[in-house]
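Both complexes shown next keep chain A, but they swap its partner, so chain B is in the first and chain C is in the second.
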Partner chain A sequence: MNETSWRQHLYHGLLWLIALLFFMPVLWIFLAAFKAEGLLVSWPPRWFFTPTLDNLRDVFARPGFWSYLAMSFVLSIGAVVIALVVSFLAAYSFSRYKPTGTNFIMFLLLSVRMVPATAVVVPVFLMYSAFGWSKTFHGMLLFYAMFAIPFSLWILKGFLDGVSERYDETALVNGGSRLHVIFRVVLPQVKPGLVAAFIFNIIFVWNEFLFNYLLGGKGTTMIPVLLATGVNEGGSVDWTFIASLSFIYMLPPILAIFLFQKYLLVGMTFGTVRGEV
Partner chain B sequence: MADIRVERLRKTFGPVVALDDVSFSFADSQVTCLLGPSGCGKTTLMRIVAGLEQPTAGEVFFGGRRVTSLPPRKREIGMVFQYPVVYKGISVYRNIELPLLSEKLGKAERARRVEEVIALLGLEVSADKDVSALDNGTRQKVAVAREVARQPRIILFDEPITNVDAVAKLQLKRAFKELTRRLSQTIVYVTHDQTEAMTLADQIALMRDGRIVQCDAPRVLYNRPADRFGGWFLGNPGMAFFDAVLGANGDGPTLASPLFPAPVPVADLPPGAPTSITLGIRPEQIRVGGAAAPGAVQAMLLRKSISIGRQYLLSLRLPDGITPPFKAKVEPALGDALAAGSDVWVELPLDRVTLFDPSGSRLEARLGAGAAAPVAAPVRS
Partner chain C sequence: MTTSPPILSFDGVTKTYGRTEILRGVTLDVPSGVFTVVYGPPAVGKSVLMRILLGLEAPTDGHVRLRGVDVSATPAADRNVGYVPQSFALYPHLSVRENIAYPLMLAKTPSHEAEPVVARAAAMLKIGELLNKRPDQLSGGQKQRVAIARGIAKRTELYVLDDPLAGLDFKLREQLVEDLRALQQETRASFLYTTSDAIEALTLADHLAVLDGGRIAESGDPERLYREPAHARTMALVGFPPTNFLNGALEMVGEAGTPHCRTRLFDFPVRLEPGTVVGSGSVTVGLRPEDLALGPKDPSSNHNASDRLRLEARVVLREDLGGEEIVYLDCAGTLLSALDRHHHHRGHDGLDGRTTVAIHPRDLILFKPGSGERIGRGVAGGGGTMGFRQ
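Here is the complex of A and B:
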């Protein structure tokens, strides 16, 4: 073995070690989901034990769990799909028609995401109260869509700028309408961007707590609120409940990320790094 | 009939005038090259013909039908861009077939058309390959094939071989030549590369500053440029220019120039011709020799360099110190014999000299003692 490969192995080993270190809390939660209540908080942590499904059964039996889970799915998927449709069309317009002030508008949109949620919670709450939208399903749905649009727009505009306008023009000359160009010619070429925007935003909505807690009512509660409010139900902190619910709740995003990994890597560069133009 | 006629076409982008009242006709079933330096408005003109750009003023007609306000998809045209537009992830065959799918064509007819263009452009080997696996030159062929397969009445090419490497460029040029010879469509081909235009065009429309300066067959354009710009822009290097002064002797008007040992009689000058005239001649038409000859003047050979076809490009200077150095092209044998720094004799064959007035327009006149015979447009082989 020569020196370079020896060094490389060392680096890889180190990277693995660091990655595992950061993964520890997740692993702890995953294991805790299958531990009996007494074992859970024991110190030092017990890595080997007889797993039990009691905790999961308990979660499934909780009142409202299934409806909350369903709401999590409906709200995050629904809001992000709305956001993607809106931001794809907006990104196309920004990319192709370049209205005056495009750069400023793009900056303004992104700055929406720079404001901490706690800073806008009061104005949003007042606005929603005035509209009579708090505690409503469409209110929640539109709020999350609104929150997902700027980031999606940024990702998609990067991708669309990478699709040469000559594609549009060729299709137009070849007898296509503008809608044909947008959906049949351009859309297929920015699929990685759409997937990336979808995943990033769905993770955000999936984990959102604050606005769901303050604006949402009984009918629009998602799992993070259940996690927070369910903690103290027994009088003391219910760790097995937290662990098993977290476990269930983390599975879908982890699966999604695993399945769409290759798109995410492309998406994280905002479409700016491409093999070719 | 699918000739393209534009009338008083004007296009401005803010303060920039891209097209300045252009009226022109692209002949039916012919290849017309729009040739000109970057920014002369040739691409803008083509994009207006395609309908991708709206003119500020003026009209566009296809075979007598006004199309100025028609959207591109209703103009029945094909267009190939500088950037090879191909759809990645699908085969060459599919790429060519795609636009045909939305037309009302039988399955057999569709396949026939696709296979025909594949054969026409020599794409048989790549027909089933994914376009992602192809080089830019082949991709461009695919883009061309797709437009040809649709059988539009007009095909527009916008610098289609600028973006490919040198070898592929040559192949594409050859393929296009073959293709255009077999197609009966009206073809407009935009380029800034004169060899491309010379090779492919039935006629070249030379553009400058938003105007079409001259439109002629390549050889006519090369040998009889309508103005100094054409002489300078075409050829590599372009025409050599010399100052001359109009005078007179007992028999009539004469032209005196440092390149003529004695004033040369000139006939058929238009009335009121200016006294200060510019002589233009192609570098390869300047006669250079190692020994004194009648009609020749002495010059110094500054440098020699080898150019295409092993011809020599000579940099020459007259002893008068006023005339700027100029270039001449000579055959290999002569070039080998001449040494840099030595004296040579330079003669301008009078039938090859073109005269320009101070504004740059060509003057119709005949040079030489026996100037009775009209100068036929000399044909270069």
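Here is the complex of A and C:
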């Protein structure tokens, strides 16, 4: 084995070590979901044990779990789909018609991502109270859509800029309408961008707690709020509840990330490696 | 040339972007059923002109008449023009077959009617075996063939090809040029083609239009434009290698006032164009490189004929093009280029690269320096002094 090969193995070994270190808490939660209550916080941690499904059964039987889970799915998917439709059309307009100030608007949109959520809690709360949208389903849906739009628009504009306008023109000259160009010519070519934007935003909405807690009512509560509010039921911290609910709740995004990981890479690089998808 | 009404006319088409004027009143008739080439240097506005024709951009001023109807405000989709863009613009999510059938699909042509059209276009472009492939599985030349096939699959009588061979390698271009010629002759449709390659323009064109400085400098039969350019820019642009231009002075000599041209290198008598009213003054003299005969061994030059202007020159550089050479000559401080088709006779260069050059005065064309308008041509003899200027 030559020196380069040794170095490469060492480098890979180091990367694996770091990756495992960061994966440890996730592994701990996964294992904890199948541990009996007494084993959960034992020290040193028990890596080998007889697994039990009691914790999961408890979670499934908890009042409101299924409606909260359904709300998580409905709000996440609904808001992100609305955001993607709006963002895709807006990105097309910015990319093709290049209105004055496009660059500044794109900068503003990106800067929205830099504002901590807590900074906008009060104005959003006041606005929602004034509109009467607090504790309403459509209020939460629109809020999450609004929050997902800037980032989706940013990603999609990058992708659309990469699709040559000659495609549009060829379609127009051959008798296609503008809607045909948008949905039949351009959209299939930015599919990786749409999937990337969808995954990124759905993870954001799926895990959102603060606004769901403050703006949402009983009918719009998602799992993260249940996770926070259900922790202290019975007087002490219910670790088995945390572990098993976290396990259940983490499965859908992990599955989505596993299935669409190549699109996430594309999204993170803003389409620069689009050709590899 | 056809006498039928033009299929397309540009009438004073102007296009400006901000303060930049790209097209300055382009006026051009495109004859029906022939291969028309709009030729001009890069970035002169050829593609802009095509985009205006296609309806992708609106003219700042002027009109476009298609099939006799003013279409200046007609949307692109309603102009019914076949289009082959410079970049292939093949849809990556469609197969080759679907790409070719695309204009037919948009026209809602039933598949049993579309399929034979696709097959015929593919056969014409020799891409029948590629129909089930995706564009990313094709080479550059194959992609361009597919783009052309898609362009001609459209049922129309006017096809616009916007410099479709740009960026392809020489051999591929040669092959595609032949195929395009054959295609036009087979379909008898009107082809409007843009290029910045002089040889491509001359090879393809039945009708050639030279776009320069935002205007059509000249248009017509390519042979006439080459042999009898009416404008200095036409002579400068149409042909390869580029034309030699010399500064000269037009004088009226003798009692009869015979026009005579004096340059740094030679003097020669001139026949002015009919109706040209020109007094003495400066002129520009154009001379094509192939009209300079090198050395006495050139069998076709009649080098020693008495009606030739003869110069002594020093060979600065020989650029081998395979079958011929471009020879750069220093003639008493003036640099001229010559095309040597007999370079296997190269023995006529002296030890220090010295040679002699013979020019027939009729190959010298005179233009007005400002407007570039042609005013006359050299003639042999004619009563004036003629020959090498010492």
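Note that the second predicted complex is superposed on the first by the 271 of 277 C-alpha atoms of A that agree within 3 Å, B and C clash if a C-alpha of one lies under 4 Å from a C-alpha of the other, contacts with A are read in each partner's own complex, and residues count from 1 in each chain.
Just so it is clear, a residue touches a chain if its C-beta (ideal position, glycine included) is under 8 Å from a C-beta of that chain, and two chains touch if they have at least 3 such contacts.
Source: prediction; values computed, not measured.
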item: Joint occupancy of chain A by chain B and chain C, clash or fit; value: clash
item: Contacts of A:R96 with chain B and chain C, given as first, second, both or neither; value: neither
item: Which of chain B and chain C A:R113 touches, first, second, both or neither; value: neither
item: First, second, both or neither for A:N174, with chain B first and chain C second; value: both
item: Overlap of the chain B and chain C footprints on chain A, listed as residue numbers; value: 164, 166-167, 169-170, 172-177, 185, 189
item: Touch list for chain A against partner chain B, complex; value: 164, 166-167, 169-170, 172-177, 185, 189
item: For the chain C and chain A complex, residues of the former touching the latter; value: 51, 54-56, 75-81, 83, 85-87, 89, 91-93, 102-103, 106-107, 150, 154
item: Chain A residues touching chain C - in the complex, by the definition given at the top; value: 164, 166-167, 169-177, 180, 185, 188-189
item: Chain A-facing residues of chain B, complex; value: 50-52, 71-73, 75, 77-79, 81-83, 85, 87-88, 99, 102-103, 143, 146-147, 150
